[in-house]
Every structure is written in C-alpha cells, then in structure tokens.
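Labels run A, B, C, D and E following the written order; every chain starts at residue 1.
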C-alpha cells in the first residue's frame, strides 16, 4: 500500500521506485473516423492533440503505468485536474468512488481478474470531461481490450453515443469481469462440498477459508462500486447523457446481482465450516468408539487371564505335594475350558451392549 | 449461469445451444370472448394479431422456450422492447425487479417449484403494456396453469379487470407457490427435530444444512420480489389500475409472510445445529465415561494380579526347599481369597466414587 | 397452515372441514344501556341489528368459530367488507397488520396464551367502522373475557369513549397477555440457570432451546404488532379518536417493552448455551484427567510386574541347579521389597507431577 | 415485575403490599431563598404549597416510596397528571422515555447503582412543569444526594437557571453514575484477563458470563436513555430553556460514550470466551498427549514382557529334561539383557518420534 | 479514565495530580511572516498576543500538558470558551466530535500512535475561530511535528489558506497516522497466518486476540472521526472555507478506507480463529488416532500372551507326571510359532483396517 509520506503537502505525488514507465495511447474517433496512436511523452501528446483540436472528434487518452511524475503533473495542469485527484491516481489503493468537479467527473473503479491462480486487484482512474476521457492504471495488463476492440471496429454505437457511453462500456466490462471469478468460486465450492462429504481434511478447511478471503476482497470492491454507479445515475450532470443512464442502470443491476451472489457464497462457506467442524468431531467420535470398544472388551479379559497367571499355592518343597489348595480351579479338568467359555460369554455380552447403544452398526 | 460474452455490445442475445425452441401461445379475450391459439413463428403471430387488431380485445402472448434469436429480436422491435430488456430475458438468472419504460413495464419474477425432490428456479419476464402482456420463460414447465384455466373458464373478474389484473393473477400464483415449498420444509424440520432427539447422526446434520441452503435460495428470490411488489404499488403509473393495487398489496403481505417464515426457519435450523453439536459432544462424553470407568476399575486390578504373577522366591534347586521367603502371602492359605476380596473392595469403592460423581446413573 | 387453494380466485373462502361452527354474540351499549345476545345465524343477526338500528347505540359483533362459509359471505357483503379481507379472516395465520378501507379499518392481532403447558396462537380480526365493531376468531377460547366483563359492568369509560376505545381495550388486553408468558419464561430461565451451574445435562440444553423457540414465536407476533400500533397512531383517520391515541401510545410502549424483554431473554439463552457447552467440555476434561491419571500411574507399574513375571533363567533340567543367572534380582532377598519400593516411588513422583500441573486438586 | 392486573381499567394503580410508605420532601427555592420540608401526607403538602403559592419560587416535590394509593391519586388530580402516567409511575419497570403533555413533560430515567455487590435498578419518574418538578421513586435509597446538596448550598447556577436545569442536574448525576459501574466492570475484566492467561477454570467463565449479563442490563437502560435525551433536545417546547439544551447535549455525549464502552466491553467478553474455550481444548490436548505418550510407550513393552511370561516348552515331567525347545531365547545367557535392550531401543525410538511431532517440548 | 467527580457543578475542571505542566507555544504567521514563541504563563501569553493584535496575522496557540487549572480557566474566559467545553478538554477521554458555538467550532480528535510496542491514545481538542486556533493535548508527545515543520518552512499553501486549512492539515496528519498502525497489523496478521498453518499454539491465538483488541480500539476512534468530518463538511459555517472543504472530503475518504480496512482485518481475525480452533481439534484427532491404533493393536495381543501365561494343568506333585492336559498347545512343538504367527496375522489385519479407514496415511 503506497501512500503519500506523513506530513507531505496534500497533492504530493509519491511515485514508487519500481513503478512502470507510462505507455500512452490516444484514440481519436467519430462515427466515421478512428485513429489510434502511442505517444512517448507529454510533448508528443500535446502536439498530437493539437492536430485534431477543432475537428469535433472524441478523444480517449489511455495511460498505463504511473512511473513518471513529470508526465502526471504536466497532464494534470494541462487538463486542470486537482492535485488531490492526481494523488488518488498515484496512491492506487482507493475505493471505487465518484467526485464531481466543475469541468469533469473523477471516477475510480477496481478491475479484479485472475492470472495464474492469483487475484489481481488493479485501480482504474477516469477523468470524464465534455471533450476528453483520460484513464490511468498502474500496470500494463487490464481487462479493457474488448472495449478497445469495439472502438477500432466501430461495432454498435460505441463511436457515436458520446464519451459517457465509452465510460459505460469500460465500467460494464469491469463489472462483468467479476462474474467469471464468482463462477469459478462457485465451481470450487461445489468441488469442496463433495470433498467435505467424502473425505474432509484440514486442507479442505484451508481452501474454504481461502475462498472466504477472496469473497471479502471482492465485496470490498463491489460494494462501493454499486454505490458509485447509484450516485452516478442520480447525479444532476450533463456529463452523463440521459440516454446512457439506462445503460448505467444495467451495471447497477449487475453489481447488485454480484453482491447477492457474494452474500450467498459467504453463507455457503459458513455452512460448509459447520459441516467441516461437525464432521471432525464425528470422526473423533468414531475413533473414540473403536478405542472404547476394544479396551472395554479386552481389558477385563486380560484381567481374568492375569488372575490365573498368579503363583499362589505351590507344591510342598520337600515332598512335591500340593499343600495349599488355594486355586483349585487350576487343577480341575474343566478349569481351562470354563475360563475360555466365560471370556467368550463376556465378549458376547459386551458386543450386544455396544450394539444396543448403537456403537456397533452394520456400516462399522 | 449463461451470460452475454465479455466485451459484446450491450443487448447482444446469447442463446445457448441447448435452449428450447419457443412455443408461442396467444390468448385474446374480453368479458364475453376467449380464443387461444398456438402459433409456430413470428410471421404467423403477426398475422394472427392483425386479425383482432381493432376489436378492443386484450391479448396475452405466452412464450415458453428461448431458443430462437430471430423470433426474440423481431418481437422485440415489433413491440418496441429495449435490447437491454431482451438481454435480461435471455440471461435468465435475473433478480426479481421492475423497470418502467415509456410505453410498458418490464418485470422479472422467479417461479420456484419442486419436481422430483429438486427445486426448480425458473425466470418469468413480463412486458405489461396498455394493450398487450407478453411473458417469456426458459422451459416449458411452469406454475401458471391455474391462471390459464381461469382465463379459459372466465371465472371471477380475470377477463374483465384488465391486463394489470391478469399480471396480478400470475404474480399471485407464483408467490403462492412458495407456500407449499415452505410447508414441506417445515414438515421436514419437524421430522429432523424428532431425529435429533432420538438418534442424531451425521446425515441429520447434512439434511439440516441442505434445508438451510434451500432457505438461502428461497430468500434470494422472495426478498427482491417483495421490493418489486412494493415499488409496483407506489409506482405513479396508469399501467396499474388503482383497483388492482389492493390486490398487489395482498401479494405484498404474502411475500412478507414468506420472508417471516424463512427467517423463523433459519433460526430453527441454527438452533437445531446447536442441538446437534451438543448432542455429539454429549455422546463423546458418554463414550469417554464408559472407557474411563472400565479402565479405572480394571487397570489397577490387572496390576495387582500381575504382582502375584511375579517369579520372586523360588525353591532351592537342589533340595526343593524354599530358600527365600520373599512373597510369603503366596504360601498363606488366605492369600488368594484375601487378594480376591481386596480386588472386590476396590471395585466397590470405585463404583461408589463414579456413582457419587454422577458418571454412573440409573439410565446407564 | 390453511391456505386458499392454488389458482383459486382471490377472495375464495377455504373453510376447513374441522372448523368450529360460529357462535355469534352481539353487544349493544351506550353509557346507560347494555344488552348482550347470542344469535344463531345471519338472519337472526340481521333482525336483531334492525331492532336497535336508529337508536344511536354502539355495537360489537363478536364471532367465535369460522366454520360457516355462508354466514361469513353474507356478513361480508352486508357490512361491505372486501373479499380479500374475508380471506385473511379465514386463513387465520396472518401477521398483525392494519389496512385502511373507505368505511372501516381492518386489523389483525394475535392472541398468545398458555393452556396446559402449550402456547396457543390465535388470530383476532377486527373490522372497526363508525357504528360497528366486528371481531372474528377461530376458536371459542380467547383472552377477551376481562373486556366483555368491563362492558357488562360499565366500569371506567369503556361504554362512553367510543368503539375505538373498545378496540383499544381489546388490543391492550391482548398485548398485556404477553407479559405473564414472558414472566413465566423468565422464571424458567432462572431455574435453568441454577440447573446449569449445579448439574447440567442434555435435557437442560433441550429446555433452553425450547425457550428460544418460544421466544422466536413471540417475537414474530409482537414485532408486527408494534408496527401496527405505530401505523395506527400515525393514521390520519377519524376512525380513531384523538383522545384514544394517548391510550394506543401506551400499548405501543408495552409492545416495545415486550420486544426489549424478548431480546434480553434471547441474549440470556445464548449466554446459557455458552455456559452449557463449556461445562460439557469441562466435564470431558475431568473425565479425561481421571483416565489419564489412572493410566499413567498403573500402566508403567503393570509393565514392571510383567518384567518379573518373565520365565528367563530356569534351573538345569537334569540337576535342578540354576545354570543361567539371567535375572539375579529374583533370587535376592531384597528383590521383592525393592521392586515394591520402586513402584511406590514412581506413584509418589507421578502424583506430585500431576499435582504440580494442577490435575489433582483438593476438590478432586 | 409488578403489573396492572389483566383486564383492569387503564390507569388503575396496582400498589404492592410490600410497597414502602412515601416520604415526601418539598424544596422551595430561588436564587436567594431555600427551604426544605418533609411533609407526611397530601393534606400537609397542599397547605405547605399554598403558603408559597404566589411568591414566584421554584418547587421540587421529591417523593420516595409508592405505597400510598390515595396520595398518588390525590396528587395526580391536583397536578393534572394523566392516570396512564401515574400507572407508569407505579409499575416501576418502564424504559426511559419522554412524553409531552399539554402542561408538563413526563420523563422516566433509570438509576443503576451498586450496593453490596448487587446492581440496583431503580426507576425515577419526573413531571416537569413550568412551576413545579415532581419526582417519584420506589425505594428510599437513590443517587440524587449530590443534587440536593447543591440545591441546599446554592452552588453554581442550580437555584437560578430554572427547573429544566434542575432536571438536567438530576439526569446528569444519574447518567454519570453509570461510569463508576462500568469502570468497575473494566477492572474486573482486567483481573479476569490475567486469570484467563494463567489458570482459567469454570469459574472464570461464569464470571465472564456474569459481566456479560450486567452489560445487557446496563445497555437496556442507557440505550433508551440516549434516545430520550435526544428527543428532549429536539423537542420544540418552552419547558426546556434554550440555555439548558447545551447541558442536555453534554448528557447526550455521555450516554453515547457509555454505549460505546458497553459495546467494547461486550466485544472484549466475547473475545475472552474465545480464549477460554480454546484454552480448555488446549488443556484437553495436553492431557491427551500425556495419556497417549505413556500408553504408546508402555503398552508395547507390556506386550513384550507378556510374551516371555508364557508357559510354552516345559521340562519332561518324568526326567526333568527339556523336551520341546520352543522358546530357546529363554535359556540363552543373553536373552534377558537382549530383551531389556530391545525395550530401551523402543522407548528411545518412540520418544524421538514424539519429539519430532512436537508432542514433547522443553516446556513439557 | 479521569472524570469530573459525581455531583460537582458542570464545568468543574478536575485536574489530576500527575497532570503535566502546560508548555505553551504560539505561532503567528502570514504568507510572508512566521514567528514561533514558547511562553510560560497566561500573563506572558496575553502580552505576546497583544503585540501582534492588529497586524492581520493568523495565530495558533499550541498547548501541551493540562496540569494548570488557572491557565485553562483564564484562557477559557479570555477566548470565551464554554466551561463544558473546557471540561471536555480536561477529561481527555472524549470521542471525536464537533460542536458549533457562536464564535468558534469545538473539535475533538484522537491521535493514536505506537511507541515501544504500545498503542498511545491521545486526545487533541481544537478551538477554531476566525482569528485564532487553540489546540490542547494531555502529553508532550504527539504526531503534529510535520505540520509545525510545514508552517515554519511555509511549504505549500499552509500559511496562506487560512486557519481552517491549518486545522485540515492537523486532522489530515492525525488520520494518516492510522495507516502505518494498520499496515503493521496487516504484517503481523500475515506472519500469524504462516504460524497458523505451520505450527499453531496457544500463543498464536493470544496474538490474534491481541490484534482484535487493537482493532476494536482503532475502530472506536475512527468511526466517530468519520462522522465528525462528515458533519464538518455539511456544516453551514463560514469558519470552514469552501476551498478547504475539498480537502476535508479527502480526509473523509481516508477515514472510510480505514474503517474498511479495519472491518476486513476483523473478518480475517475471525477466520483465523476458525482455522486455529479447527487445527486444534485436528491435532486432537491425530493424537487420538495414534493412541487408538497402538491400543487396538497391542491390547488384544497382550490378552493372547496372557492366556498362555496362565498356570493351568500342572504336573502331578508326587510323580511329576502331567495329570491334566488342559492346555495341550503348550506342549506342542508348533504352539509357540503358531501363536506368534497368529499375532502377526492380527497386526496385519488391523493395520489394513486402519489403512482402509484412512487413519494410517503415507504422511503419518
């Protein structure tokens, strides 16, 4: 979490040493025109923008990488962006929000996507004005390629419906990207549910907790996203055309669906933890039952055989005659079978007792 | 969960390969007239509708199956339905909602019904305009047959009170269908409660969790349903006649009753999980008590008989005389009975001790 | 839960086969007049009402038992009661609510009272108009006798303050009837608390859960009751006189007190479950300690006596002389006392060890 | 919980048999004047009040004990107090609340103070009018002595700032009295926390639950107290001078601080229960480890010595020669040391195994 | 928690005996001017302030230490600060809040910072008027040095944007100081998470609970801080310039981010407790399995060897002949190997059984 150093003037841009150098893409377009160019610095950008200045084209400046303070500051003052906004762009851990300024709207969205089993949580900052749209993001990778592609091909109304529609298209693709993540979580929950019923172990539980953590992360992004879209719809601004509000309402519906899914999945994980914990204590019960049955059967038997292993009543040392008939059962012909039979009877009795208590079942 | 592919233009209809071919039913009716016809394609539908065009009849187009993109698109433009609405019809996982358009209301309801022990969760989309009502559903099976039957028979005011009353009748039967599901859940909870008190096992717990999951699914549908009906009542629209609002208020009451029941059942399942868990640890206590009583009684006894099984103090190998009188008790006439008596005394003592601690009860 | 059959026209009255035949009581009264009469059918009722029609008396029709569809329908149309209201009267599982109609208020209350250890949950439906009050209930038994008695005796202002005051008196006695139920629950909780500290068993826990279930039932009735009274106070209607609103505010206070009590009791039951569960695991600890102490002391001792029971080093078979002096301790005069002493030392050592770990306490 | 009997007319005063006889104190005061008098009945009170009637003095009637119905009724009608208010005075289990009447405000506060380790929960009812303040309480003991003292001494502005300031002073001292109770609870929690870490037992848990119960009681009083003060501040009444509202805002702050503290303490008790429960299961783990280590080491050894205690291969009964060399190890010179060595090896092996699994630690 | 004694007049300043003597710093500044002076008492302060009285400079009086009642009272009346405000300054345990007075705003913030592993929770009271800003704090140490430094150096707009901007700078540095505390908590949680998965013990759990307690403390400060900033933004006052409101909105965003983090961390600690508890019961399962496997294998074997240790069937004492062939297996040449083989078979059988139940795994 990179932050402005404590005590710095507000608006100070704290660029990390390992921040990526910006790649600047500019798209000029109208219903019939489309040009895309990558420029390498602020000067080049200014020249390029002057070229199309008075031609009534729409312009999206798409900046990826935040490693150049000079560029950000120049661009900020060129487009009259407040320095606190620019600070939020650089400190890329903001919650989704909307702020209204005199000549533009400032919006934050969070793109979440999975690469190599990891969730990436990337900030996208928008500046939406009457004649330009600027977006900033920290890394080169994002989820916006479908929007760029539609712009290039001019499919649908994306080149004709104004910049607020382009913004909609961007936010829509961002919000729609949450769905496959949640679907994958849903699939993992299904797998874990089977695992829970067949053979739960401590890793099952760790996987459930992992999913719970991802759900917390997702909710932290979507909850304010929903609020943002809602504010945006109610905003009395001419920046957002009335026509595109019906589209924003669609994103709003999607974000509510996402929250709904997340809440359901959280309830499912809670219920799975319940199942896990009770299956753990159930296993313990099984183990204890085995131990108790074995011990309860054999400990008394071992006692009995111990009794007849005692050395009472030896023979007379001089004559070899039995002097003391202490344990006459030892000398009886039926002593041994009687003891064996007695022990068998005890085993049967205890087995029946355990069966009646339900400790021995067919399944066991 | 079928969704529009990422990056597609909004309003693109993503028809699944296994979607059912639509069956189109049209009902024209007035207080004195009723005609029902199944048409096979859009052209036929258009012709049929032209036939009754200016006869002041009311018309319900009842479409089951969403597998024909052309039909949906043609119908959408014919009835001036927004392409985002049509997208919601096709992506049949929407939450219940209401949207107001210039010439019609767009409503989503969710029909939940049980077939073969499974809960089916089917979306019904309504387009309610002044002169037509169109409903779309994904599968052929639904819960609307009682409404169709009342239309055919003309019972009550269903043919005379306008299309907003027909919509009411449909939503009413949908919401009323939740009741038998909850009643069945209530019955299962009663059975499980008995099972919990008599002989709880791990399956009892799984059944409780299954019910909890169904309650989550039901609440996810009824909660927004209630909000939808509430918005509908407060909507300042002439689409809903003032007379029928009193009926919608009745559905609203029912949906609150359903939520109330669901919340109560959720509390009951939570309380049942508490009972289950404490009965599991109670069982464990019982098992441990048996083990401890048996071990505590027999382990010391086994030690004692072990003592008298020791080979101390043999006879003189030459003369056979006892040279070392190490264990004189072995040669005493009272040794054996004394040891047996001592062990009996220990058993009585320990039994009394366990009885006093409450480990041995009459029930045991 | 009796409900209108699915698909029936709204307002259809679904009378159960075992519904009780109505007993109809009519009370006419003014400050100076009181007459009470039981009539047996609608015709008789109509005649009786005509008798006092223009005499400026107030009238309460008190109907107990809902088993006669004809009576309900006739009365409904005679008093211009909406058929959906009548449906709510018959489907006697409604939540407390208030509905305003042109010429009357429709109210539902729930009477809860304990008979033979069971909670009875009985619906009372009110129709309060300018010149009549009609109440419907499902069974003959109720909690309204004190109100009827006050009407007969003319105590207080009950005969003079109008029908909205009579309604107040009825609702007041209904709400006040919740107090003894909660007091009894409070007493049972006190008893259970003592049981928990002295000798908790699985029945204690079941009783706690039983109380929790009753609290859920009570809250389900009082929560909407409170909302109902609150709406009633804020209702801009001349049906409720301004004077009686101060009385309704009193019921409102009582219902808040009841909810408050219920919430406190729920927190108490949760805390009792905590105590129960930890006392169960505490007992388990006690049991395990006994087992461990006994086993840890006697298992090593049994091993030692086993060692000296081994048959090593026999005498020479020919001469009887000891050939192999493998276990010389067996032949020493001090062998036996040394082993006994050694075992005593082990017992003392282990006892001290357990004492130091706090497993053996004075209490034990 | 004393309540008006079911079915009694509203406003009936249900005096308990053991209610204390009222002690009536009257304070007349102005900035320069103070007189305090105890009167014994209503008549005396009336006379005394007449004496100062037109002298523009302020009057506080301070009534302790509610055992005299006649006094309460006379006073109620003398000061035009509504009979429902008087009922609330007598049924002294009301929640803190405020009610506005034409000529006075009716307020309920709850004084909570600790005497002899018990929490006393005493109701104080206020009637605040332009020219008098009447307070009722059930018992003689209360927390208001500091206010009476300040009145007597005329310290600060208490005699000059009006009766709404006197009311403030009373409520302020009531709310401030909650602080020492919570501080004491905080101290007890600190002590319990140390106990939990050093030597938790079942009494620690009971003490935590006791504190939790006291916190529930306190919150039940302070939560509505806060609401009451808030309503009072927003009340558009001339009964409360604008100047004193700044003081009421101070009580409001205090009540929020109290709620804040209570919530924190509740979270602390929850966290302590967590620690308790996991330390119980930790102890169980320790016990089980000891048992398992001892058993696992000695049970196999006992088996081995048992093997060599078997009576196989006797000598020839006639010649004394060994006929069957079944167990030759018994006759070998190295048999006994080899077995002892083998057993030592097993002990070392198992000890190492337990050490590797972390069951035997230095601490153990 | 120092409080005004019970029953003292409101506004009484209760100075603790160990309160620090105030250090008074005064800063006069404008865009071009800066002077900083430490004065030692109220008289000196008054003189110094008179010096710059009419020079249109801005003034911040920065008082550290509250041990001098006279100074506080003199200053209070000199700057017309209400005595209840001064009481809040001295009773330094207030929640963050804002109060509006005629000529100034009164604000409370809480500075939380970590020194020597301890969280310090220090109150800062602000009085913000048109021409002066006074801050009070209890101890000498604080987090405001960066603001003082910026004032001295005149960096940014801090000397030119008015006192409401200076207040902003102070609150901003206070709120930003929460971030490193939470980051450190986040780091500790990461470490604990690894500990949980590798080798959890009772100290892990205590550390988790410690963090939970710190989170409770932090939330208690930030929650009202957020409300305060929000009220401040909405306050219709000229004390806060419109320009600086955009900056306050920035603090508001930060406080929401902080709350968001705290909530997430609380959910993480809850989930870690779940992992801890289930890993404890998992360990118990492991221990029980070892015990059960050992016991189940060796207890039956010990029984068998006990059987053949019994002393049945001795020789004739006179002739030395075997009279009773009770246990013929003892004299058979194959008796001993058969018993050994039988026991081996039992071991293999039980091992296979445990393997099939999953109790013996490769990992074990």
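The rule we apply is simple: a contact is a pair of C-beta atoms (placed from the backbone, for glycine too) under 8 Å apart; a residue touches a chain by one contact, two chains touch by 3 or more.
Model, not experiment: these values are computed from the prediction.
Asker: Mind listing the chains that sit against subunit A and also against subunit E?
Answerer: Common contact partners of subunit A and subunit E, which must touch each of the two, are absent.
Asker: Can you check how far apart subunit D and subunit E are, centre to centre, with Cα atoms defining each centre and the answer in Å?
Answerer: Subunit D and subunit E have C-alpha centres separated by 25 Å.
Asker: Can you work out the whole-Å distance between the CA centroids of subunit A and subunit D?
Answerer: Each chain's C-alpha centroid was found; their separation is 40 Å.
Asker: Please output the residue numbers of subunit B that touch at least 2 other chains, ranges allowed.
Answerer: 277, 281, 284, 288, 291, 295, 299, 302, 306, 309-311, 320, 327
Asker: Edges wherever two chains touch, nodes for the chains themselves; is that graph a line, a ring, a star, complete, or other here?
Answerer: Here the contact pattern is a ring, one closed loop where every chain has two partners.
Asker: Which residues of subunit B touch subunit A in the complex?
Answerer: Touching subunit A: residues 1, 3-4, 6-10, 82, 84, 88, 93-95, 97, 99, 199, 202, 205-206, 209, 212-213, 216, 220, 273, 276-277, 280-281, 283-284, 287-288, 290-291, 294-295, 298-299, 301-302, 305-306, 308-311, 315-316, 319-322, 327, 330-333, 335-337, 339 of subunit B.
Asker: Which of the residues in subunit E end up touching subunit A in this complex?
Answerer: 143, 145-147, 149-150, 155-158, 169, 172-173, 176-177, 179-180, 183, 197, 246-247, 249-250, 253, 256-257, 260, 264, 267-268, 271, 274-275, 277-279, 281-282, 284-285, 288-289, 291-292, 295-296, 299-300, 302-303, 306-307, 309-314, 317-318, 320, 323-324, 326-327, 358-359
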